[in-house]
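Each of the next two complexes has subunit A plus one other chain: subunit B in the first, subunit C in the second.
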Partner chain A sequence: MSAQATAVRTGTAVREAVATARQSWTDSATAAGVAVGLAVIAPFVLGGLIANDSLASGAYLALAATGLGLCVGLAGVPSLAQGAFVGTGAFVAAHVLRDTQLPAELCALIGAIAAAGLGTAAGFAVRSLDSVRVAVGTWLLTWLVALALGALPWLSGGAQGLVVPTRRLFGLNPTPLVHYELGVVLTGLCALGLVALRRGPFGLDLAAASQHRGAAAALGVPMERLRVAAFAASAFVGGLAGGLAVQLDIVADPTAYGPLLSFELLVAVLVGGAAAAFGPSVGVIVLGLISLAARALGALAGVSASRFQPMLEALLLLAVLTTGGYAFVPAAIRAARRFRPAPPRASRRTAAAAPPSRRETLRAHDLAKHFGAVSAVDGVSLELQPRTVTALVGPNGSGKTTVLRLLSGALPPDDGAIYLGRQELTSLTTAERVRAGLVRTLQSRPFFGELSVFEHALVGTNRTRRYGGTVRTLVSTPLFRAENRIAEAHAFAALETVGLAREADRPASELTGSGRERLMIAAALATNPAVLLVDEPSAGAAPEDLELLKAIFTRLKTDGLAILLVEHNLAFVRAVADQVLALELGRVASREPNPRL
Partner chain B sequence: MRATATVLVALSLVAAGCGHSSSASKQQTILVVVDAPFSQSPYIGNTIGNGVRLAAEQLNAQTLSAGGANYRLRVLRLDNALSPAKAVADTRRALREHATAIVTDGTGVDATWRLANSKHIPICIAYQGGGGLVNPQTRPNVFRIAPTDHGLAFRLAEYLVPKRLKIALLADDSDYGQEGKAALADAFRTLPKSVAARITLPSSASDLAPQVLQARRSGATALLVWAQAPALAKTIVAARSAGWSVPIYTTPAGEDPFVRQQLADHPSWVDGLTFASGRMTAELGPAPWATFEAAYETAFGTTNVGVKSHGRRVIAPPDYAMYPYDFVNLLAAAVQQAKGTNPAKVLAALNQVSTHGANGDERGFNERNHEGVVDDDVYFARFSHMVFRPVRDDPLSSTLPQINQVR
Partner chain C sequence: MSLAVQVVFTGLSAGGVYGLVAIGYSLLYRLTGIVYFALGDLIGLGAFVTLLVAAGTQPLTQETVSGGRMALAILAGIAVCVTVGAGGYFAVVQPYIGRSAIGWVAATLALGFAIHAVLDAAFSRPAYVFPDPIPFRRVGNDGLVTILGAQIHVRAFAVIGVAVVVAAVSSWVLQRTWFGRSLRAIADDADGAAVVGISVERTRALAFGLAGAIAALAVVVAAPSAPFETGSGTLLGLKGLVAAVLVRFGGLWSAFAAGLALGVVEAALGTGLLGHASGLAAYRELIPLLVAIVLLAFRPLRAREVVE
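So, the complex of A and B:
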């Protein structure tokens, strides 16, 4: 009976998964499927025009580049360490192959795990750095690995490299053709994984973090943890490519995993399209064509092709960067959409159910913050109760925004304590406070430039998810899919609250300033908060926008939220606030109910 | 119209088929693949490539017949860029193109020999002398025509120890230096009193004065440097600029034009530099070498060192080109003995044939020995006024004539 129930459940889950896949199937997916099919039959069609070992090397290069796409495309981090990760996978796999009798696939997997370890360490080291420093830091790592291989012949095998024994691969004779087909299949799977992750909570959070760190942090996106994860995943795939490539080459070559490989992989990703699943693979094909061009130029000039190849690659990269990142795959997709626009997506967001509201009181006692000799906040205490809007007013420099930052966790207080209900928040991070029910919007109307309106709200709902982890996303488990539906409904409800439900599928960049303000309020609401901290929502708003905002705050109050409003617009304060706290030189100068009331 | 096209296509196919069969019956190809570091070490790559090409052109100028067919040699140059992985890819290509033999500097042979051996394709190493690369029992398809590290190290020990010198052994941190260090350790194992110090030279350092000073403080009365040309030049500069006139001995790196170019402003610092290398002339006298050198210069011109001696231009003799040249001649002999290009038969025949090499020495292999240059072929030469001549205090060198190096 139990087995029968399991079978029924499994059948239902599979049917659901197929239905979901069919619903989300697009022209791009068809094109990608055709491309993979063509790639699989390429060795038989090309008939020796390109040698199978060259094709197999290209396939593993595409796999490593697709792995790098995780870092560059999803996290927006320009990693120049992928060559080092590929090399780590290659040499660890080579040593395991030489020293043990383990199966070839397991040796490659061990290499990938070792690379993921190095990737985790690298990600941890650069987790909070900006793009330029990440590029420099990872470039140094690549050099470090290359120098270590050169300096340690016992590790690298010296000039002759580390010769590896040949072992059967998945029960097959490991010919270059077998390696090629394996490389294509793994690259296809990795690209599929990339698509799944990009659409899931992991990808949305990473995209948000890469497009506006401050706004993402305010919504509780754990940026540093995600970056480390992206590095680790990217390194794992790179290490797997290295661990398999070394078996194709039958030698781990210390000269093959230097900075040039890292550079080429990054060029492939940027040229093909970092955000497109098959962009890195296309980039690798473009690099292959460049290699042919370099050979032709070399033959014309009577010098080695290797002198032209890096130069041509750098020129191509420069062209892509100067044309605003006009990479091949995104350009092709844009061109295709001119002829065949994407059909409108069937909306599954009609059931606009708001999440159950949380009603908690926020209490802050004697908060203090000093910047050197300046006392920005000095002994501020406040209480934010459910169904109440508290306005924090005061002249510029009186400490209003600092109070918000202390409450949200963006700044640690020098003194004082913060409680939400019975839970002390004082030592919690911003992300932990958001999960606890305290969220903040920023002053300057930041938004995530490449996300749609709906995706902004989804970033907020990610804070409430239990089954949105990377593995569940990749496998798309029934729990993940069920939670997805709930998250989409909650995100849609948040957009309805702020009057943006009709704009759900528009790019956020098309909204007005006031629309963006409301959008970030919606994203904050999607985290299902008990307390909402809002910084100058009325700044620059037109009269009709002010009316909308008033209606929103009134509705939120009715829904039971505790709201702290930092405002300069006293008319707006009078219209929405229940009590007014006036700050002066970091101290509470007055605490009164709204005179209107 | 359609019928005409069909007839034309059919006729052209027939013509192509006839042409192929006719040429196949008359002339077949012996493909020799040169896998060398043309991009990373052009001097070495081109020397090996030119040696092979010269031999192929000379053989093609005659008629190479075997088993009733005529053969023409074709040379395919592939750049391994000093990368073992590229060497593997090049070997795979050589096998796809049905190469008869592969001539290499030695890069990646640890990985490539097995691939080549699966098709019975011989590999000849024409530059690297590392121990373990050649072993007729375990690597039956690997041959070498070049001085071995072992031969150089033992000849150096044999030459220096009777001079009662206290020798500082300096090896750079490149693979070349480290392999040499191991060979020297082996050669001086039973002669510890002759060794004053063992020092590693950092290749990337701009100044080797600290290492030279360390050697001087160790009480060394001679330096034996096993390093690539740049590190060797820096060692000489460091010693001489400190006023230390210690005798300096080295490997074939000493005759690399780079060393003399680096010391062109101080020709006297090069004077006395002594190096070990494979001899260019044999018991037959200098005539064979002169013939080879003239043919080489006619085909490829002279290799200018970039310095002058007594106002005349100094050239580098193509001594390392004679090794691949000799191998191609051996290969042709093996094809003739095998009566064709059947790989297994050619490989077996390589163990049986011999030829007179470019320097007049007899070159050949057998089933127990795949080394084409014996230890006694290693000689010593000393620089004076930017050209070198064989030393007079070594019995195997003193009888050798000086090769003209000025034009």
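So, the complex of A and C:
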């Protein structure tokens, strides 16, 4: 390819990127830009009011808190280990600085990588745990690192800590001012990254998984992998903050990275607003104001200020929590919206093109599952062909839902095999089965409380993406943006199929029960499945909703999908099913074509 | 041999306190599905209120406190523990039950740090000597007896005894009284318990108060053996949590046994019973913590598991 052609293509890509950026530019982006600008000039304006080294410590604290925001705000995971990650970064960087002649930035980076290693291990340990155990486990980890620093002099340099040699930072004399500006720039970058990730596939998947694990798993969200990634990334940022802060402090203090630091970082995130990218930074500023207040209180009472600071922080956190979690940044955004409502989004779905449909037959042979002595499913075989609706009926406890869970990968079968076309699915995870073209909806009509109707469908399309990785999301590559447009069109098409296109921008929590049922069918359709498994769609549906559902299933059938319905409503079964399988005590009792047909 | 005896008694007396804290964590977890991160600081609060009533914040010699005043002090400490613990339930636990975990995690931690900060502000010296509720110095050789060649503090027996008695009484209350039956009913099914007329909130609140108080009682007996710091309660909370995790927040006696075992293991690692005294002693707190983290990651908790 000639250099000229490359230049032209690069130029086009840049123009496109600028255009996309301009489209997505919002008031909050302006506000964030102004905030970063103010932060950059703060030391010159505040001149002497607050010492530069306090400002610099604050900037690194904000960086660590922004990293924690990834775990708490994006993934909804109560991580109490951020202090441990900051400490790991600090001490590893301190050792590397002392023992080698490597440049300062590289030492901080090595600290960050070590912290990311610990974060990956921690994330791996808690990858599939409920939030109680995540909280307890990360709390124990914070104590483990704090006690290790206290008990192991070879690690921490004993009570005096490690004295760290100072080296030039990016060619500059490492004054507190340089550290401060570096901290602000890194925090800004990290917050920008958070914004990009939140809007991208990674953020949507994490949000879905944190709001309903089961439903996210059914849509093939690889929750465990995402959680490990979130922990690793948040530990990396925390470790980087630690590795740089230790060079600002000149001494690595083994008592500085204990549970109190983890708690303070959590306070910053929750007080500032976990969901907003700049929330943690605002939280750190609030903590700074608190430390001023604590100093004043301490002077009044004649005690050291450090004794009041945790108390004021705790009280502030309790106040924020008891007022329903109205953190500072979200509250400010809400107030601003009242004066200047957000402009309606430009319609992004002109061509509601459906994805190319996949047509495959699902075959299951002799599936068996025992729970202790009870045999829930005992030798069930079935075949789901394209363009057919198969209904699975039977009394409660006959094993209908267990069959569904075996097929979708939520439960491993004791015996039997499952094939989609020629591909064997038996040992694949739910996420892999969804990518292969087999998806399921849950019975209890769960939904992702804080996502919009459209975002629900987008979570489904994430399974069909090839260029939605974290790096591509962060730098918004042309491929990523092109794929975005396709994914949005497909998500919109799925909503149209179930009659929710007009509700696309509403929060899912505003939908009726039947609306939520159709919403999760749409999210499942957005994964572009060959086979759709639906658990009791008619439960609690009003007569007009039933008509709607019948129309949907008839349309999906003509589109070529193979559908399995678990259903109690026999009238509904008669109206839509081509084939009826009756289960009794885990066995197929009868297998008949629908008498209506 | 004498070293082993020494380790067992020191370990059991530390472990008795850990065990009572672990009982508290387990019980509260089963009642509400949350881990009460403020429990350790609550215990510290009970101990320091006892100290305040017995001797004020001034330095004291162990003989300056009369028996009557000491009894009053212990009662005051327990009363404050129950009040703050129960109040804490309404303030930092009840609003968040069944909602996002970040709420109760942050709120219970905040309560713990707030209590710790109050103690720090009121008791500003690095460490305090606690008055002795029972004058052990008059027993044996200045409070020491020799068993199988090992010098054991008489107090160790008292602490072990108090811990076992408190655990036994708790077990009896849990099994035999109306209050205990209500607690077990709530732990099994809170909604069902409410339907049959148990006042769920009040019962839970009382349990949150008592959980701290029973451990504080043992702390007051154990505290005079070493300098006590404002952070000592926090650390006890951590040890109790480790013990509770080891038995997956299980039954009362298994939590207590885990606490005892943790105490003995720490003592064994710390005194070099397992060889290489200098090498392992530094790791005596780290090893159990690491084991607890690993177990937590790879074993499910009892009940209250999310099933989809």
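The rule we apply is simple: the second predicted complex is superposed on the first by the 596 of 597 C-alpha atoms of A that agree within 3 Å, B and C clash if a C-alpha of one lies under 4 Å from a C-alpha of the other, contacts with A are read in each partner's own complex, and residues count from 1 in each chain.
Keep in mind that, in the parts below, a contact is a pair of C-beta atoms (placed from the backbone, for glycine too) under 8 Å apart; a residue touches a chain by one contact, two chains touch by 3 or more.
Note that this is a predicted model, so its numbers are computed, not measured.
*Asks:* Is A:W143 touching anything from subunit B or subunit C once the two structures are fitted on A? First, second, both or neither.
*Replies:* second
*Asks:* Output check: A:D53 vs subunit B and subunit C. Expected answer is one of first, second, both, neither. What do you get?
*Replies:* Once the two structures are laid over each other on A, A:D53 reaches subunit B alone.
*Asks:* Going by the contact rule set out at the top, does A:G158 touch subunit B (first), subunit C (second), both, or neither?
*Replies:* After superposition on chain A, A:G158 lies in contact with subunit B alone.
*Asks:* Using the superposition on chain A described above, determine whether A:T255 touches subunit B (first), subunit C (second), both, or neither.
*Replies:* Only subunit B; A:T255 stays clear of subunit C.
*Asks:* Please work out whether A:T323 is in contact with subunit B alone, subunit C alone, both, or neither, and reply first, second, both or neither.
*Replies:* Neither subunit B nor subunit C is touched by A:T323.
*Asks:* Is A:T6 touching anything from subunit B or subunit C once the two structures are fitted on A? First, second, both or neither.
*Replies:* neither
*Asks:* Looking at A:V72, would you say it contacts subunit B, subunit C, both, or neither? Reply first, second, both or neither.
*Replies:* second
*Asks:* Between subunit B (first) and subunit C (second), which, if any, makes contact with A:D130: first, second, both or neither?
*Replies:* In the superposition, A:D130 touches subunit C alone.
*Asks:* On the superposed three-chain arrangement, identify whether subunit B or subunit C touches more subunit A residues.
*Replies:* C
*Asks:* Both subunit B and subunit C contact which residues of subunit A?
*Replies:* Common interface on subunit A, subunit B vs subunit C: 151, 304, 307.
*Asks:* Would you pull the subunit C residues touching subunit A in the complex into a rising list?
*Replies:* So the residues of subunit C in touch with subunit A come to 29, 33-35, 37, 91-92, 95-96, 100-103, 105-107, 109-111, 113-114, 116-118, 120-121, 124, 234, 238, 241-242, 245, 282-283, 285-286, 289-290, 292-294, 296-297, 301, 304-306, 308.
*Asks:* Which stretch or stretches of subunit A touch subunit C in the complex?
*Replies:* It is residues 72, 76, 78, 80, 125-126, 129-137, 139-141, 143-144, 147-148, 151-152, 213-214, 217, 259-260, 263, 266-267, 270, 274, 301, 303-304, 307-311, 313-315, 317-318, 321-322, 325, 410, 442 of subunit A that touch subunit C.
*Asks:* Within their complex, state which residues of subunit B touch subunit A.
*Replies:* That would be residues 38-39, 79, 81-86, 88-89, 92-93, 96, 107-111, 114-115, 130, 133, 173, 175-176, 178-179 of subunit B.
*Asks:* In the complex of these two chains, what residues of subunit A are touching subunit B?
*Replies:* 48, 51, 53-54, 57, 151, 153, 157-161, 163, 176, 249-251, 253, 255-256, 304-307
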